[in-house]
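Common to both upcoming complexes is chain A, partnered first by chain B, then by chain C.
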Partner chain A sequence: MSIATRVGLRLEPRVDTPRWMNWAVPVGSFLSALLVGSLVLLITSQNPISVYQRILERGFLDTGSLSGTFISATPLLFTGLCAAVAFRVGFFNIGGEGQFYVGAIFASGIALALGADAQSWIAVGAMVLAGALGGAIWAFIPGILKACFRTNEIITSLMLNYVAGIGATYLIFESDSFWRELGGTGAVFPKGKIIPLSAQWPSFELGTLVVPFGLLLGAIVAVWLHTLQRRTRFGYEMRVVGGAPSTARYAGMRPARVIVSVAMLSGALAGLGGAADVGNFRHVLDPKGLQQSGFGYAGIVVAALARLNPIAVVFVAIILGGITNAGYALQGPDFPAGLVGTLEGLILFCTLGGEVLVRYRIVSTRRQAVTV
Partner chain B sequence: MSVNSNLFVIIFASAIFYGTPLVFAAVGELLAERSGVINLGVEGMMLLGAVSAAMVAANVDGPAALVLPLALLAAMVAAGLGASIHAFLVITLRVNQIISGLALTIFAGAAGLSSYLANVWGLGKHPALNQFGRMDLFGLKKFPVLGPILFDQTLLTYLSWVLVVAVMVYLFRTRMGLHLRAVGESPQTADSVGISVTRYRYGHVIVGGMLAGVAGACFSLTIVPTWANGLTAGEGWIALALVIFGFWRPDLTLVGAYLFGALSSLSYTLQARGIDVPTALLDALPYVATIVVLVIVSNSRISRRLGSPAALGRPYEREER
Partner chain C sequence: MTTDVDSKAVTAPAVAAFGVSKRFPGVIANDDVHFDVRVGEVHALLGENGAGKTTLSNILTGLYRPDAGHLEMGGVRVSFDTPRDAIDAGIGMVHQHFRLIPTFTVAENIALGAPQPGERVRLDMAAVERRITELGEQFELRVDPRARIWQLSVGEQQRVEILKVLYREARILIMDEPTAVLTPIEADALSQTLTSLTSQGRSVIFISHKLGEVISVADRITVLRQGRSIETLDATGSTRESLATVMVGREVERVERRGVGALPGAPVVLSVSELDADGDRGLPALRSVSLDVRGGEIVAVAGVAGNGQRELVEVLAGLRPRTSGRIVVDGEIMDRADARHPIRMGVAYVPQDRLGTGLAPDLSIAENLVLKRYRRPPVARPPFLRSSVIDAEAQSLMEQFDVRAPSSQTPTRRLSGGNVQKVLLAREMSGRPKVLVVSTPTQGLDIGAVATVHQLLLDAAAEGVGVLLVSEDLDEVLALADRVVVMYEGSVTGVVDAADATVASIGVLMGGGRSEEVA
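The block that comes next holds the complex of A and B.
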């Protein structure tokens, strides 16, 4: 018989979390993500310091760079809110991508239908409503399937992303649809019709800084969501359904109805993002551009980093928008495409790992194993 | 026209050809889920495997018999490393499995590490020097109907059949397989009889990831030999649906994989025959069919009897004794 001592690590739930950890852990996670990222860069023979420095300059510090960052942050803000609202109730809507496309299709459709003679505020208002409606309809499908048949919403909402992408491609590349420009160069190279000037969303200038209307709208929606979650009956129901579905049933709530409503709310937010993308920036239904941007998927990163808090989503969207914007500006041999997604993934991994430190204490254990 | 170029023969043959990556990915995910861990990173791990295999195939010059196994090995190592990040986060650190898996797909996926590496390595410009070609197994290709369907496939397809049989035997006929199922159904019980829950979970999540890597290599070494970002086109997600569709059994999963292989190859097959069906409709078919199948499966009576492993998605926290 022999006795061996094994030293291991054990996670022990914290009774209370020291205050300083609330800011130190996220900051530490972010820094460690950059550290791991610099290893990836070194292995692929890039200079991490110059890469990070250029991201900082082109994303935030150079003149005009912050305005560009706001442009990239706007869609991320909406898709981030989309994921944050749904994940809160345990409805893992990863269909923000497709709901974003459908919102863009609806919003560009209504803008083209209203034509150049419509008053600007009517056109913009109609696009907001149409975008939200489109996204809500697209998210209704996984919502109702989950509520009625308990079908896994992760996979259904994701499959619908591809269907929406194929649908948008069909409208521009494979049919003579209402959205497609058939005259001029459009007869040779398939492209969408540009929406009339009256339907293009305004931007506000604060000195050198340009703030798009979409970003302001998103920030207002974020505050509204925050109060909805904290101060209303529906918000309370969302919290209970998210935390304990059986408790919700015993309390006389209808989890199925809450889930479908939240799914549609979440989809409407992503659809609004699609409307803002068309209204403020692209001014056209551009299926290729939409699919390359991947705003819906990045929204999940935004929501997770913001810990599903709508107000925090605004700030995280601006930070990730800066990285995305720098990615567009710098793309080339020294700054390969894909680097932005890699860094986002690393930041997310490190944050997830870091949160463990907030919830648990790591204790080293000595265990004596007896072998006979 | 010979019977072997009949449209249905061609559809069946391409169902198997295009279904092969789905078999590898879904069986890999099945192993992880049998241990109680969902890994939504399949799509990302497949792309990591695809990019690593493509890198080896494009840069290493040599006999195919040497380069291709090396490429497969690279794919398995890369995707296995991806899976071990997920394993560490969800098993050791008890992070939410769904969010961690999504993070893995975002990190490694079409807009992440896989396309970064493809750019750094310049894969778009260099096509693979070696590919898995069709292999006439036992000279049976000429056999009517079954010949071209079953025996004119690539080596990867034959390997996938070996895999399915091996995993069937492993799960239902070996002690380790029994232990694995116990870990997935009731980790407390498994732990109390001395089975290491942690070790089983790590092992199967990582092996599952390596199989996803092989699935990715199927794309870059046979289906799409020139690199394109996101070349797996969401098949990793279809693989996740197939595990549910197959009730966590390798044999049923194989049937599902070929069904979806047929659907995703339909647009090529029909167009090659000059049959005019809108492409958009055919392209959307596999994704719509996935939703329909999931609804049917989640609503049926059988799913209550043959449902998911009971501890799926839940971290195991051992109470101190």
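The block that comes next holds the complex of A and C.
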């Protein structure tokens, strides 16, 4: 017989995660994404350092760039919160996208219905509520299906994204709906009605910096969410149901009810994002634009990078918003539009890889293979 | 199947474990396990759930590495880093839950992941099919290699699993509760297969907790209890009763004999009558179970695992619906299958799966201590929870129950098994219950923690709580209980006073004998 020793690596589950890893791993993942990204940039014969420098300038440092970043960050903030709150309880809501559309449909609908004569604060308030309601209704469907029939919410919520997208397209392009502008150029080129000025959300100016109301609202919601999760009875139930469902049942909680509630809360957050999109930026229901943006999917990246912490979602949304914003600014003949998307994809990829390090540690083993 | 044992014993064992130990955080899964499997032998590993059978088979198949001790094959020391190493060494696992792809053919399933001799790129399906047919004839395991898995019966699927292992040239087959999924006829066929395997020099490790089948199928039986190998016995000469006794503990040291019991005239705090309930698969698991517990009394439910004990406690905790019967807690009828209802009525429950069901492992000790009281004041001031109250209560409960942890904010998953159990008992007792239902409260704990938990149960009874102790450990049952209710196949086969009970008399009842037969 012979004994061969070879050295290998294996993953062992961690009993405990050191505290520093909670921030070191996301930061490390981000940096490795930049590193891998620079390889991609080198292949496309770009200078990575100058590209990153330009992203930093156009996204954050140049005069007025941060205001643009805030606009890009606002929808990501809401969809990030949507994913973060749902994933915490093990409800994998991939439907932020569709809930965002439905929020936009509801919010634009109520703004148009109230008309130009409504007081501004009533119109804005109504849009906030309608957007949240729309998203909540849309997320209720996968929630109740999971609770009653144990359907896989990843599939149902994903499929509903297409339903919502097609629904929004129908309203503007394939019907004479209430949302559609039928007069003027709208008679020739299908488009949505612009919401009245009174329903358009304000932005606050701080020197050269413009902060949209939507971003502010999102930040407030994030703090509220954090309090809800950490300090309330419902938040306690969420944590038990998310971490230990059979313990929740044992303690007399109603996991199904908690999951449906969280699904609706999650959907409401995405719906709020849709309302903010109409109220603060587009001022119109624009199915094409919504579907091209893919805010719902990007929100999953935001939530993952923020490790599902609502407060961290605010900062991650602003960072990713900055990259997106810089991408718009840099796009041109020498800078392909897909590059920013590639970079975002790499960030998600590296984050998920980093999560493995949080949960497992790498142990080197000496293998002794014995041959008899 | 016990032919010619002596000549086999001369050769080195096909596989042997020497002092194998494996620890997980808070649990000792295997503790100094010794056993050896002879060539051409069916060797049973017998033990309760949690006795360490699965961990041991995971070590044998290279899924885990032992923390201490080693394995030998044919007298040569071996160590497996990966399952592949174990397969290469000739150990194969036949899983209880088949790992087959329903839409693939038998041959495709068997070829999947198996090394192809010679060929590296092309998969020679005809050769695989030929080999399967050969093996099928050699071991009388006839299956059509071209049949698709979904077309096969459960028994045939198991044959495919066995063929899969034989195709990889295993000399030692580990079968994890192979009869659990089979009909009696299929089980007979399996027993034929075992004969044919062993007569051709293969060895079988047969994992089970069923006494009868182990005696009929195995040549020798190694009994595991609490992670330790207790004894290896010849199957001939063993009886169900004798095995049950070894399985649950034979040294009866009545260390903590109480002799207190219920005070005269103490009220019946828990009365169960004619309870029927179904098991997970919808078959009757409880048949007309009746029992009473008085305040201050410890009533033990004894029996081999899987005879309805789990279903009984789950019904009492409101986690499983009953099909008929009556439960009365301190004069009040429990009429809803809902976990909140028993909690409100004063039924405390310490489940067997402490970290998986009893606690939220990622939450802190303090948060876990309020798991059943978080809804109402003083813990809650709706919609908020009062963290100051939660922390203060945690401090005092941790002190009172001697929970050793860095702080009340430590997640419970980081606690040792004994401290986990103390947190659970602290929480359940803090609700001032009338009845305390505890399920295998000392399983997997070390000796010191066992003594502490026993003392806590005695304290609970001394405070007038009626304790229903479900345990497979007869030492524990005889040490603590005032009365013993024995269950077999979902029925109560007898109720004996602990003072008159012996391991032998309880053993008979656990094997399905009625009380009349004891005398």
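The rule is short, and it goes like this: the second predicted complex is superposed on the first by the 351 of 372 C-alpha atoms of A that agree within 3 Å, B and C clash if a C-alpha of one lies under 4 Å from a C-alpha of the other, contacts with A are read in each partner's own complex, and residues count from 1 in each chain.
Note that a residue touches a chain if its C-beta (ideal position, glycine included) is under 8 Å from a C-beta of that chain, and two chains touch if they have at least 3 such contacts.
It should be emphasised that the depicted structure is a prediction, and the values quoted were computed from it without experimental measurement.
J.: For the overlay on chain A, clash or fit between chain B and chain C?
T.: clash
J.: A:159 in the overlay: touching chain B, chain C, both, or neither? Say first, second, both or neither.
T.: The answer is first: A:159 touches chain B but not chain C.
J.: With both complexes superposed on chain A, which partner does A:29 reach: first (chain B), second (chain C), both or neither?
T.: After superposition on chain A, A:29 lies in contact with neither partner.
J.: Just to be sure I read the superposition right, which of the two partners does A:300 touch: chain B = first, chain C = second, or both, or neither?
T.: In the superposed model, A:300 contacts chain B only, not chain C.
J.: Could you look at A:240 and tell me whether it touches chain B, chain C, both or neither (first, second, both, neither)?
T.: second
J.: Under the stated touch criterion, which partner chain does A:250 make contact with: chain B (first), chain C (second), both, or neither?
T.: Touch status of A:250: second partner only.
J.: Once the shared chain is lined up, is A:349 touching chain B (first), chain C (second), both, or neither of them?
T.: first
J.: Kindly classify A:65 by the partners it touches after superposition: chain B alone (first), chain C alone (second), both, or neither?
T.: A:65: touches no partner chain.
J.: On chain A, which partner touches more residues: chain B or chain C?
T.: Per-residue touch count on chain A favours B.
J.: Which partner does A:79 contact after superposing on A: first (chain B), second (chain C), both, neither?
T.: In the superposition, A:79 contacts neither chain B nor chain C.
J.: Quick check for you: in the superposed arrangement, does A:231 touch first (chain B), second (chain C), both or neither?
T.: So A:231 only meets chain C here.
J.: So which chain C segment collides with chain B once the two are superposed: 5-13, 23-31 or 59-67?
T.: 59-67
J.: Intersection of chain A residues contacting chain B with those contacting chain C?
T.: On chain A, no residue contacts both chain B in one structure and chain C in the other.
J.: Would you pull the chain A residues touching chain C in the complex into a rising list?
T.: Those in contact with chain C are residues 1, 8, 10, 15-16, 231-234, 236, 239-240, 243-244, 246-252, 365, 367-370, 372.
J.: So in the complex, which bits of chain A are touching chain B?
T.: Residues 11, 40, 44, 46, 87, 92, 94, 141, 145, 149-152, 154-156, 158-163, 166-167, 169-170, 174, 294, 297-298, 300-301, 304, 336-342, 344-346, 348-349, 352-353, 355-356, 360.
J.: In the complex, go through chain B and note every residue touching chain A.
T.: 40, 85, 89, 93-96, 98-100, 102-104, 106-120, 229, 233-234, 237-238, 240-241, 244, 278-280, 283-284, 287-288, 290-291, 294-295, 298-299
J.: Within the complex, which stretch of chain C touches chain A?
T.: That would be residues 25, 73-74, 76-79, 81-82, 85, 88-89, 317-319, 338-340, 343, 349, 351, 353, 356-363, 367, 371-372, 374-375, 380, 382-385, 387, 413-414 of chain C.
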